[in-house]
Amino acid sequence: MTKGNTMDFTEKTMRLTHAGVMKMLEAAIARATEAGQPQCIVIVDASGETLGELRMTGAKFLSLKSARAKARTAASIRAPSANIPEAVRAGIPAATEGNMTALPGGLPIRIDGHCLGGIGVGSGTGDQDVDVANAALAAIGADLC
Amino acid sequence: MTKGNTMDFTEKTMRLTHAGVMKMLEAAIARATEAGQPQCIVIVDASGETLGELRMTGAKFLSLKSARAKARTAASIRAPSANIPEAVRAGIPAATEGNMTALPGGLPIRIDGHCLGGIGVGSGTGDQDVDVANAALAAIGADLC
Amino acid sequence: MTKGNTMDFTEKTMRLTHAGVMKMLEAAIARATEAGQPQCIVIVDASGETLGELRMTGAKFLSLKSARAKARTAASIRAPSANIPEAVRAGIPAATEGNMTALPGGLPIRIDGHCLGGIGVGSGTGDQDVDVANAALAAIGADLC
Amino acid sequence: MTKGNTMDFTEKTMRLTHAGVMKMLEAAIARATEAGQPQCIVIVDASGETLGELRMTGAKFLSLKSARAKARTAASIRAPSANIPEAVRAGIPAATEGNMTALPGGLPIRIDGHCLGGIGVGSGTGDQDVDVANAALAAIGADLC
């Protein structure tokens, strides 16, 4: 067996720092407060592992679970959770043990062409959830959805 | 109680070697690369236990879960996962804790009339997933679906 | 709220490609075959998410689970799984739902000062497991442990 | 059946706001940064339900799980997690499905005689974890442990 070139086995990428995560949480809280709708906010990395979570006073505690599914879905498909194709929309939640969801409120965190993870927001209407997620993306200079 | 003839209590079968599993993974990667759609690939034995898994660079990490469900479904029904009968399609995912799925991309591994397990592929369209699974089956001389 | 500099919110890192994962699996199989001890091999990324898995013919099927815990532990602590400090060795497995283990056979994947994930090997003695994991690291030019 | 006085059926309590949770996270990050040891921080309410979580850059991702167990343990016993009595120390983790742990780093959040929840910190030594948790408690004027 010949020893391969390390170049073939690795590639460069980017990740979010905790300064970025805290900035996103603060911006999400500010926007949710403005809208008068307390929210659950979950931020995950590019592999879906949790980076930060916050349940605002008055938010629905079970929405922390759906916010997590939204964040993980967006990070996995590198697109809004609501973009799940029609063909798999019925079957995919069970086939992924509830990890994947087509509920609106999950957005990918994209900067300079890299997907660094996902944010999921839940407790409000779909529109409110997406609005809060976008406020968090804007705060760190990530692409809006 | 009379002691029975061992012949009545056992029967011969076949199983996949890890050489077969690696060959299938390589063929699946080659086909997915050709199609320009990175995939998650899962291969299980006739009892649904994992033999091999690979998540290609750029594939959706949650698709590893759905690929596992597809592979296990195909090994269990010894037919493509998409063949789940209409009558049970709505109820069977929950009743099997998400193990069984009708999503396309799961194919049985059949050689000489034996079912040796299943392969599940996920991250692309249903057609792309099935195409990659068939490329893996072809590589070891298994029946195509 | 002032908009922060994107530089503060992200940092550069590296990840393993599937070419690297396949190279590691091949090298692990070759070394295990040489040693006459079939093994279960699991490779995870820096967040512990599965990149590749292989159960060799004759390996213990439950060792796939312990190999996964070893790989995730090594990726999390960025050191061999056997290095878990004495003080937490008794309590940490339960507190992490079995995810963290002090069993030998889990090694971090380190290249150029980055930790790209972990490899876990199980089915042999601790020494055999570590030996196979190191063979996989050597094949991609990663630091040996 | 006579209808009782509502006074008999309810009692006043206090809960932590998300402003308090964010203040605790910020203080924990500041102290961990000062100590040069990135940490995972989890804050739960009096029922053990998550209020906030943060994984600092460079912290061990599996320590988020143990930090959660520490926080929940401290909130449940309304005392430091390390105070679990010797008599139940061996048996209680399995009997609570890993929810209760005697690992140091979990402290109750007590203000004016009320227990509002718990904070769990993990990735450092036991002493470092407790120190960071206390810094978070100090930031909101809660009792130190």
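A, B, C and D label the chains in the order they appear, each numbered from 1.
FYI, a contact is a pair of C-beta atoms (placed from the backbone, for glycine too) under 8 Å apart; a residue touches a chain by one contact, two chains touch by 3 or more.
Since we're looking at a predicted model, the values are computed, not measured.
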Homomeric contact chain C-chain D: same or different residue positions, threshold half: different
Cα-superposition angle relating the copies chain D and chain B, to nearest 5°: 180
Chain B-chain D separation of Cα centroids, rounded to whole Å: 44
Cα-centroid distance, chain A relative to chain B, in whole angstrom: 30
Mean-CA-position distance for chain C and chain A (Å): 26
Multi-partner residues of chain C (at least 2 other chains): 11, 15, 17, 26, 47-49
Category of the chain touch graph - line, ring, star, complete, other: other
Touch relationships between chains, expressed as pairs: A-B, A-C, A-D, B-C, C-D
Interfacial residue positions of chain B with respect to chain A in the complex: 57, 60-63, 65-66, 69-70, 93-94, 97-98, 101-103, 125-126
Complex contact set, residues of chain A against chain C: 1, 3-6, 8-17, 19-20, 23, 26-27, 30, 45-49, 111, 116, 138-141
Chain B residues touching chain C - in the complex, by the definition given at the top: 15, 17-18, 21-22, 25-26, 29, 38, 49-57, 61, 64
Complex interface listing, chain A residues touching chain B: 11, 47-48, 72-73, 75-78, 85, 87-88, 91-92, 94-100
